[in-house]
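Chain lettering (A, B, C and D) follows the sequence in which the chains are written, and residue indices restart at 1 in each chain.
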Amino acid sequence: MTPRQTGNVDVSGLPSVVFGQRALLWWGTLGFALIEGFSLVLTIASYLYLRQNEFDWPPGRTPNPDLLIPTVNTVLLLAMIVPMHAVDRAAKAFDGRGVRRNFAIATVMGAVVMTLRWWELLALNVRWDTHAYGSAAWAVVLMHSTLVIVDVFESATFCAIFRHGTAERKHYPDASDAAGYQYFLSLAWIPVYVVVFWLPRIL
Amino acid sequence: MASTEAHLPAGLLSPAERELLHQTWSDRPGFWGWVTAVDHKSVAKRYIFTAFLFFILGGLEAAAIRAQLARPENHLLDPDQYNQIFTMHGTTMMFLFGVPVQLAMAIYLVPLMVGTRNISFPRLNALGYWTYLIGGLFLYSGFILNTGPDAGWFSYVPLAGPQFSAGKRVDVWAQTVTFTEIAALIAAVELIVTILKQRAPGMSLNRIPVYVWAVLVTSFVVLFAMPSVALASMMLAMDRLVGSHFFNPAEGGDPLLWQHLYWFFGHPEVYIMFIPAAGFVSDIIPVFARRKMFGHTALVLSLVATGFVSFGLWVHHMFTTGLPQLGQSFFTGASLMIAIPSGVQVFCWIATLWAGRPRFATPLLFVIGFIVLFVCGGITGVMVASVPFDQQAHDTYFIVAHLHYVQVGAFVFPLFAAIYFWFPKMTGRLLSERLGKWNFWLFFIGVNVTFFPQHFLGLMGMTRRVYTYLPETGWGPLNLLSSVGAAMIGVSVLVFIANVFLSLREGVPAGDDPWGAHTLEWATASPPPPFNFAHLPVVGGLYPNWERGADAPVVTGLGNSHREVLATTVMDAVPDAIQTHPGPSVAPLLVALAIGVTFITGVFTPWGFVVGPVLLFPTMLMWLWPRRKPAAERAWCEERV
Amino acid sequence: MMRTTAPSHLRALAPALALLALGACQREQRSFQETPPGATAFPAVQTTDIQAGPKTVDPAVNTYQENRVAVSQGQTWYTSFNCAGCHAPGGGGGMGVPLNDAEWIYGSDPENVFATIVEGRPNGMPSFRGRLSNTQIWQLVAYVRSMSGLTPKDTWSPRSDHMQEGRPNRTAQPQRQLP
Amino acid sequence: MTRPPPRPGRAPALLALAALASACAHSDMSAVDPAGPQAGRIAGMTWYLTIVGTVVFIITIGFLLYALWRGNRRVESYAGEGAERHIRRWVIGATAVTTAILLVTLVYDFATGRALARFAEPDALTIRVTGHQWWWQAQYIDPDPSKRFETANEIHVPVGRRVRIEVRAADVIHSFWVPNLHGKVDLIPGYTNTTYFRADRAGIYHGRCAEFCGYQHARMDFLVIADPPARFAGWYRDQLRSSVPPADSVRQVGEQVFMGTRCAMCHAIRGTEAGSRVGPDLTHLASRGTIASATLPNTRGHLAGWVLDPQSQKPGVYMPPNQLKPDELHALLSYLQSLK
């Protein structure tokens, strides 16, 4: 191969730290968010499919799910968008302290959400092995919980990397992507909340 | 080379820089290098090799099935063994061979065809392979230990539920499915990102090779199909392990929910295997017809259409379950509609062959065999799309015949064409044409002798998944014929294996481009160096290798001392940013092992899903944690911004 | 490279496989031919644990007690032969004694339960002597014992898939009929 | 019903196809040898699809072979603006023809589906068929409870009358299929599906389970026996009767064996104390032509083999083996064979 002498494309001046859809990882995150979002959609669809098999929903003498803890948790989950938005802004300004501090806040909030999740499951007022309604409700909530676990782990890791690790400039776009994932996670909860905790009252 | 070095224009690599580039992109040597490899070519090669091992195992199971059915009232296998073997055959061919091998071929070819240095997420790629390997080994360990799944590759509940499939057999199946899904989803994401963001400058959307389009479509199909089976297999595992009631009709569950979820994945899965195969064919035909492909745009659009419509077909696996007629008619319409893009593809291929000057090398023979078998399988596909006819044909050997014409004809034949075509690129040596022709003719005749009679067996009332049949049924002679054909296929696969091993030793050296092909992978050495291209090419057309002169422009200015790849824009492939890729790491293997522990322990106790993540988090942390770098490297990092 | 290193992987796997093999084969065994333990003689009736000499257990008994398939089959018989009629589905008890607790009037060893089924017991438990095959009885024994957790954990049944009486079959939509 | 014979001489492939197809029609369970209107319509559809499919296949492959032959003789590729236009016309034409064929097929398919659905009739003879691993329970439903009865594996229907089959599953999914009469319908736990058919010729039609259901899926057969109406009425009357206590001593011993051993745990004989519904109803066992889910002829020898060791006939089946002394066996068989 003897490439020609002139007219070549010189890319040496291109940046290596880029945000948003210019970065590869942003697309990867988007891909996995698509997969997880679609899994959640299918789980909710299965829940609604099983609903057809019963006259009452919840069936029989099963009580409606409680609303208090789930609502608190929903608010908390949505509130997580605030520190993560701050992370995004700090990352784009290459402000390491800001990224670290807001990741720490988000990690703590995520851990609280995960802990409340346990009472949220109890608030369903039904066991997974009672009947199909119980199984479906647990499945939807647990499906979303796996996303929360991943997110808390991610926030904690970033927090640690930015505190103790050798965070480089290339980690800032990753932090910004983590914020994007958090938005998806919080917003994805809204349909779950409506379907699992409100639908039994409406239908 | 030394003489030109002095006159090298700015930005072109000197031999010393080339050597540095080689070191930068190489996997480490030895065993450690083997477990830490992240080069897309080494991962893809072991992926393909493993998938073919499973293909051979699945083939041996098929041979056992055909031996048992060769005559009525045969006692070679008892029903327990037969049920395990046919389940293993289906599971192996679909989950351990079909989907993985197509994704593996894509992992090898796509980065080369789009002109980049590596796949977008190399460590994730390695993780995908390890997960797949663990899944396959787990399934076969179960099989060897008399814990092979025995409820069919579709595992219909309640037969596969806790009551009627007591024991761990179906759990093994469900977790294997989970492993292969993880692997497939990972491959899909990284292929999408590679295709969208790492194309060589100038490879705008209208200059992407058909095969790469096919992989893009397939990856999106994987993205939306696999979550469905993941959910279904998770529900099945929970029903079996912790007593949930998703599929238990006595407690408000529904066996049909399983069928909906399963076929919502199961039908697109056929297209996950077929669409890349159509891509192979579309990029092989121009080479051997020595003419540009007719109707490139039509082909690409028809592949995209196939991908979309494939999600509207799943109910045609459920025509006998008593769904309302109007709904069924919708799915009949969709099933017939998918014949139109398939037809367009076939017509374009035939037209190109007609207008070109065909060269009858083995890859083209397999392509021609593919067209014949695919047209036949497609026509029987139109037949079974009709609800009334399907009510007779469903679950009979007519379907067995149809699905094997489609799977073997429209997936395995193009795959063999692809192996014969790209083997020289992967190994540097050509496969023997003489053995290749034996391979082809034995395979082609064998497939027809095996599966054509099965259409008639189906219409004569022979149902699927039967371990034996009575002599009075009159099915004996055609079954015997079918078994003879299966033996021919077996011989042809033996010829293929011999060809591969002989050619690896003493095949004709291939050179960069033995076929005079048009896509970018032929612009580099065979086998390609670890960095794929010394200078990334700049693309000016749909047939870069045919159009580029000796002095075609290239990309300069990418670093040699770090794994730098070029990110380009999605639509027009304009250079946009430089991204660094991670190097070799053992973390993917460790994460895969943690996932393995999670799901395999999960078969026995729900605590697996608590213990597993405990292992998963440290390994993930190891993966993500940045290594402390020397000052010089840090300086490089900062300077690169 | 792949071919040279792969065998060393397999070697590493071998012990793990051997470990798995110990448990798996027996628990998954499906037996089509009747080979009941103690096929020729019914075990003697035994009402206490006190016994002269060391306790003898027919090793073949364990192939039923530890076999998930046998437990499941026993569950089917439990419904079919209407054991549930007196002992309730799941063994909660009713007219008959509960079977899912730790209390065993006539002993909890497989042989004792076997004898109870074969001989019958006062106050209502009929004798099934000659009416069930030994295999069926051993499967029932395995299921009955699994209900109070006396068989290995992985033989327990999480739930039954059987249709329950009294729950109406449904047609999801009124027009839901095959054309 | 239309069954246009394929014209000979069009192509050898078509001839071979016709030969094999006629072989199909002569099979015991042929989908293209209809004995009723439902199967007839589907068979018509089958022939349409087969013939159209064969013609399309021959034309397409003909084009392929011609393309290879023509291309092979070219000195230079046929390319350029004009060539592309020329080829495009052909490809668009072929696609249009394909679409037209598919549209016709869709309309025909829809019409056939509608015709099959219109066959429903409220006052048809209703039989409730329940699938068990691995046999078929058949209950004849009548508004008058005294005219209901139960049998197994052999379903008698009157020639010329519409029959409504309500299918249910007792354990796993099965599928009810009599190729000569109609397509199949699945038996799904929790669901009741309905299918209608009519037998227009007297005869014995073989049916089988079409959905994989475990070890003996391969041998879960049944028979649909279409009798002329008068004969059917006689059979119906016979089936309504309970069994009468045997008069002679051998059969009395046989009855005692039946009631005293495992038999009565699973099987019912109306008119006796045996009333279990686990296995097939044996009230009129001797009136059936087959045993073991229509896979063995109902002869004394086969019955003896089946009673003693069902597992060697059908491994995995739920019926346990029975160790009987020779005289007990003799008495039991005599009793069973008296259950006309």
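Please note the rule applied: a residue touches a chain if its C-beta (ideal position, glycine included) is under 8 Å from a C-beta of that chain, and two chains touch if they have at least 3 such contacts.
These figures come from a predicted structure and were not determined experimentally.
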{"item": "Between B-D and B-C, the pair joined by more C-beta contacts", "value": "B-D"}
{"item": "Reference subunit A; chain at largest CA-centroid distance", "value": "D"}
{"item": "Middle chain, criterion being Cα centroid separation", "value": "B"}
{"item": "Distance from the mean Cα position of subunit C to that of subunit A, given in whole angstrom", "value": "44"}
{"item": "Computed distance of Cα centres, subunit D from subunit C, in Å", "value": "35"}
{"item": "Per-residue overlap in subunit B, given as positions that touch at least 2 other chains", "value": "78, 80, 158, 163-164, 239, 242-243, 245, 248-251, 254, 320, 322, 325, 387-388, 391"}
{"item": "Multi-partner residues of subunit C (each touching 2 or more other chains)", "value": "30, 32, 76, 158-159, 161-163, 170, 172, 176-179"}
{"item": "Multi-partner residues of subunit A (each touching 2 or more other chains)", "value": "53, 129"}
{"item": "In the complex with subunit C, residue positions of subunit D that touch it", "value": "113-114, 116-117, 119-120, 168-172, 185, 189-195, 260-262, 264-266, 276, 278, 311-312, 315-316, 318, 320-322"}
{"item": "Subunit B partner contacts - residues on subunit C that touch it in the complex", "value": "1-2, 5, 8, 13, 17, 20-21, 24-25, 27-30, 32, 68-69, 71-73, 75-76, 153-154, 157-164, 167, 173, 175-179"}
{"item": "Residues of subunit D defined as touching subunit B within the complex", "value": "20-21, 23-24, 26-32, 39, 41-42, 45-46, 49-50, 53, 56-57, 60-61, 63-64, 66-68, 70-72, 74-79, 83-84, 87-88, 90-91, 94-95, 98-99, 102, 105-106, 109-110, 112-114, 116-117, 133, 171-173, 175, 177, 179, 182-186, 188-191, 193-194, 206, 208-219, 295, 315-316"}
{"item": "Complex contacts: residues of subunit B adjacent to subunit D", "value": "78-80, 83, 151-152, 156, 158-159, 163-164, 249-250, 254-256, 289-292, 294-295, 298, 320-322, 325, 328-329, 332-333, 336-337, 339-340, 343-344, 346-348, 350-351, 353-358, 368, 371-372, 375-376, 379-380, 382-383, 385-396, 453, 456, 458-461, 463-470, 472-475"}
{"item": "Complex interface listing, subunit A residues touching subunit B", "value": "1-18, 21-24, 27-28, 31-32, 34-35, 38-39, 42-43, 46, 49-50, 53-54, 59, 128-136, 138-139, 149, 153, 157, 161, 165-171"}
